[in-house]
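Note that chain A is present in both complexes that follow, paired respectively with chain B and with chain C.
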Partner chain A sequence: MRIIPLKLLITLCTVFLLSGCWDTKDINHRSLPIVMGVAMEDDQYNIHLQIPDPDTDVMQVRIVSETGETVSQAVDKLSANMESRIDLLHVKVIVIEKELAKEGVKDLISGFMRAREVSPKALVVVSDEKIEPFFSNLNNTTDPQGTTLFDFFDKDAGWSPQIALTRVWELYRSIHSTTRDVVLPIIKSGDSTVIQHLGSAVIKNGRMVERIDPEETLLVNAFYEESTHGKVEVMEEATVLIVGNTMDHKSRNIDQVPYLNSQLHLKVVLLETIGKPTDKEIRTALETQLTNRFNEMFSKIQESKADVLGLGQYFRAKIPSEELKKWRSEHYPKLKMEFEVHAVIRNEGQIKLGAD
Partner chain B sequence: MDKSLHVVLMYLLVHLGLIFFLYPNDIISSSDEGQWMPIAIGLLFHFVLVWIYMKGLSFFPKQNIIHIYSEMGKGFATFFLLPVFMYLMLVNVIGVRAYSEIITIIFLSNTPSWAIIILFLSISGYLAAKGLEVIFRTGILLALIFIPIIFFVLIATFQNVDWNYLLPLIDDDFHFMTTPSYMKSFSAFIGGFLFLGFIAPYLTYNRKKVLMAATLLIPFFVFAVYIPILTFGHGTASRFLFPYIMAVDSTYINWLMFDRVTMFFILSLVTFIMLHLSLLLWMAYQIMNHWFPHQPLYSILSFTIVTFITSIMIIDWKAVERLLWWNSFLQFYVLLTIPLSIYFIGRRRKGRA
Partner chain C sequence: MDPFIKELKEKFVHSDDLFLHEEEILDVPVLLVGFKSLIDFTKTKVTLQKYIDTAISSQKTIGELLNEIGEVKEKDLEEAVSSIMTGKLLIISNSHRKYAVIEPFHNMLNRAIEPPTNENILQGSLSSFNEDIKTNIGLIRKQINASNIRAEFFSVGSEQKTKLSMLYFEGQADKKLVEKIRSSFEKNQDREINNLQNLAKSLGFSGWSVISKVNTTELPSETVAFLRKGRVALFVDRYPFALILPCFLWDMFTLENDRNYPIPLMASIRLVRIFGILISLLIPALYVALVAVNPEVLRIELALSIAQSREAIPYPALVEILLMLIILELIIEASVRLPSSIGPTITMVGGIILGQAVVEAKLVSTLLIIILAATTIANSTLVGIQNSLAVRLFKYVLVILASIYGVLGILGGIVLISAYLASIETFGISYLNLNYAKEGTKNG
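Take a look at the complex of A and B:
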């Protein structure tokens, strides 16, 4: 009998504790931005947030902006000025202005990783134009849900294989890695489409050092075995569609000179032909086209000493880890790269090759 | 009565609770490469000590370690049981404080830690006051509900793995042996099996099945360290306070309607930790009860109050880390002396008989 009041007390306590209603703000008192734009102006961060505002009937998209010494300060100021609390939990895309990317985003990204408020899965994008016009154009043309930018990079929606996909945690990893850099997609607001994809920014140690075009980004994606399915390749003889890709790498280190042999195996199907090329001609044309493009890109990124392909990874067992710390500055510029493409035409479509 | 299933599941849950939070960081910061070596040495310790402990206990069917020591004499019992009692209380305080801080670091950033501590203590105190049967039956329930989630998350975190990070495999020096963080990592290797010696008259178990459970834990011990390393590389993984949680956070599951699986994962583990805490409180009560026989409620209530006050007094994470470091010495002392002494007492008695 003695135990019953105690039981009651404990039950009551758990009711209060387990409800989890501690300092919570209801969902209607929260603003959940999905896109965040970051720029640097006179040593101050300039933050733009795109916030979907669910009204009773229609969804409206709101753009708010603020400046501050740090991102958190700017967000805090915004929160204070708004009628609801800003919660960065659902930010899906972070747009960084090109100027800031060139200056370096090390502290910005570390801040995101430390505070854990922004998901490490958010995508990082570089904007080619000023952040202000970018957001106002985005708002003018955007769909009522305000998810255009997110859909653009979603693999299940508008993503294409020549667009780089890099998340906050990958960027953070590249900043602290000795053997790996990343590419970030560069976009600007377009004329007929909302967004125009311009290629990729090569980020080395958190700083933009070079840019590559969309075709070259495709090869970077192929290198990471990101699916390149659905990419159309146009050559003089024919147009093909890539339907499968795999990579093989062989690394050697001879007399302090690293050698890497990489083989890209492509499966393609034929879309259009010009004249009457043979199977072999098409394959050779594709192989030379891609190999030349790769060599051109590689000499560019090798010159900027940015290892966006993560080639140093293949030498982890060949070069001692103390030496590997100097990978970017000493070994990578000496790297001899052999890139081979092996294409297989899986089918020729409904019409036999050479029939028309 | 043979309750191997209960014991095995409890063994798994207690260890799972210990593996995923502090242990990956301890191992990663103890060695730059070839982390399988510290893991293998730790696991070796785990297996040898568990085997010796269970072998020693098997000489005394239906007796727990309190009975065994008190048969040897009062002074003898106090000599062995007092450190155990201190260890249990210290682990309890550290556990409550560390995990409440972990919860605030990871997700409840606005909640004051005393509220989380009360939540921890009230639930585990209640379970402990109800006795062993209730703790173990709760264990079955939690295992049924949450182990599938843990499994799912473990498989999902392989998403971003880059196997090149596995290399180089061999670290030719053994400097990790002397680092403080490796000492701390032993709380995961040897901090979870003490309860096997306390449950004897109530629950009996098959030794082989417990060893099998320990074998089942090997992949968890390995992956908790290797998944963050394979995802981020050692250079980046060593910068995180909770590398495995970070790795879970960076997995992107397209088709799942929940954005952050981390939350499910952490909450499942928190329930395991509560279970472990209740087991610790119950063991402390058993020892107290041996010295001064009394109702479980009184001692458990006073234990929770003492734990509450002490854990409130620990102000920051640095103090928690320092306590973990001090505790590792007591832990080594307790978890080496108890299994070995039980084994030798058992051998001697068998020899005499």
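Take a look at the complex of A and C:
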């Protein structure tokens, strides 16, 4: 029995000596960048990092930049020059310059997924302006924590339903999927607000091919059954607030031509009216407005052969997988889309319709 | 002088509280022998005189009288000595070759029955056990009016005899368990029992077990509840606790007194205790893991504010937390040691050190102070001091594993602790047993 504590002691000692627990760095010796900006300059990646620098009293935000053959090289150079190690796991937003997005981000995103340095949950955003002015404007914000950009896309904070949310893994998936593309939000630094949202970039195979505006992005989000709660729709007759949305799809494939019938069910709350419209008039106006907007957007993205709505997903069981590989080039342009909106006015507010 | 008395005197040489009082009972010269410190001599003599008076009036002989008031024995030195040691009065007559052992009035050497000092109780019966084994068993009998309660006595030890008793409910307690305990006492008849470690040895348990295999309680109401569930209670003379066998993990979270509240309240109190063990085990380890190894798990806002609070702190997280935990253990230990009159001083000094000065001196972060406070408070919610001591020790295992392997290490540590708990068994009954009462009844 006496030998057991001795064995235990030896085991404990070896655990300490062999494990290398001194390799870990405490949180205050790590730099935790929140935003990473990537641009391409003369075949060299230009990396910007926004790093909150916790001081004992005030939080300061630093912007550091470096160029390198690859992202890892640039980060490694930065890490060597900084007083603490850069830990990319906390990067929440990756800002890609528009030029690079147009050129293609396939390798960049594959690198992120492979190295696991950056969380696959990080959001990917396209910057409409050059990375450098974007970051210097971002740094002029008053937010002490430097989380402005992250808060802008945070569903618990500043996100609105007309802003697309696409994560690194979703972008990676879209690059390798035959039936699905993604939209990335396009932003630039604003005049009165820190950030200005300009719409979304349509990304096909990792390359930006088209732009859609915020109103159209709302429909894309509705299509993915993201909550559109809180979006205000203005029509001639009235202004309504969307409080709930669901989608229904029916797909058919007749004579090599795919047909899709999609129905958007909306619940809205009445905010303002102009004149005395009836319940039905308001609903019809809303339905026509959204249907027209959708059809306009759909013809645009269909032309660019980018399936950002993921419509190919509804034909996975109907088209053989060999054929599905040609989905974007052959089937998708032939797709007949029927989009219907059904709106319900859930609440007319304190004043009933036609009361005043 | 009688050689017997001479031998007796020699045996108790330098024992100045021994009295040898010469007296005449019914005109026969006798010697009253006993310990002044154990016997209330005046009261005993008055009562003895009453017996003598009735004996004179009914014309009894001295032999008849002694038979009536005590036990007459042959002159056997060993037995006489042990009778005197246990506080009996000996009446030795010079002429006869016999002596009588009489139960005298004892000096009051026991505490009264008092409220519990180690286990606080809210809205429940307040009497607690004291040092006298008979009082304790009496308390049990008073608490529950049942004819099937059995109290077996054992006397163990070679030099100093210790009285032990085993209480159980006939028909409720597992017969095999009772038999195993009985036989292990009989087998270890010569082993002296002065403390719980001795007792554990006697019962055949390893002394290296972190978790105590006997559950201790000083409340008769709790003990009776355990007995009713088929457990066995052991009493050791001069040890004011009932020792409950077998002991289970679930005992850490339950008190019988909880059942004096409505069921939802009882359930939530027990839930709080479960949170207590989780918090006191996990939080210090999580601090080390999240600060040193896996900061990516934290939300960015939290990560930044932790980084800010740790700014300019010289030690790594492990050293920091070990330093403070050890100071905290010292404070807890010191407040147990100190007399209650200077106890508050320690609390105050400790409070100042932990709460303010250490943070201001930038030795540890403010977050750590919160974590330490939560840990210590949570630890105290567990039932039974022996259990919270064990959890206090397990905490360090997790802290060290967390410092090496991070969150994964915590998981590994929990698996390790769970495996250890699962390995504990008492007389073949697993420590993790949740349904013993029902099974016990079935066996009985």
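Note that the second predicted complex is superposed on the first by the 338 of 356 C-alpha atoms of A that agree within 3 Å, B and C clash if a C-alpha of one lies under 4 Å from a C-alpha of the other, contacts with A are read in each partner's own complex, and residues count from 1 in each chain.
Just so we're on the same page, contacts are C-beta pairs under 8 Å (C-beta built on N, C-alpha and C of every residue); 3 or more make two chains touch, one makes a residue touch a chain.
Small disclaimer: the values here were computed from a predicted structure and weren't measured.
Looking at the shared chain after the overlay, A:T147 reaches chain C, while chain B stays out of its contact range.
Legend: residue contacts after superposition of the two complexes on their common chain; A:S177 is shown touching chain B, with no touch to chain C.
Looking at the shared chain after the overlay, A:R316 reaches chain B, while chain C stays out of its contact range.
Judged by the touch definition given at the top, the superposed model places A:L32 against chain C, while chain B stays out of reach.
By the document's definition of touching, of the two partners only chain B reaches A:K121; chain C does not.
Once chain A of one complex is fitted onto chain A of the other, the partner contacts of A:H90 extend to both chain B and chain C. By the touch criterion stated above, A:P52 is placed in contact with chain C alone, chain B being left untouched. In the superposed pair of complexes, A:D156 makes contact with chain B only, with no contact to chain C.
Comparing which residues of chain A touch chain B with which touch chain C, the overlap comprises 22, 90, 119. The touching residues of chain A, when paired with chain C in their complex, are 1, 4-5, 12, 15-16, 19, 21-22, 24-28, 30, 32, 34, 52, 54-56, 59, 87, 89-90, 92, 119, 145, 147, 150. On the chain B side of its complex with chain A, the touching residues are 32-33, 105-106, 108, 110-111, 115, 118-119, 122-123, 126, 162, 164-165, 167-169, 232-233, 235-236, 239, 246, 249-252, 254, 259-260, 297. Chain C meets chain A in the complex at residues 206, 208, 290-293, 295-296, 300-301, 303-308, 310-313, 316-318, 400, 403-406. Chain A makes touch with chain B in their complex at residues 3, 6, 10, 13-14, 17-18, 22-23, 90, 116, 119-121, 155-156, 167, 169, 172-173, 176-180, 310, 313-314, 316-317, 320-321.
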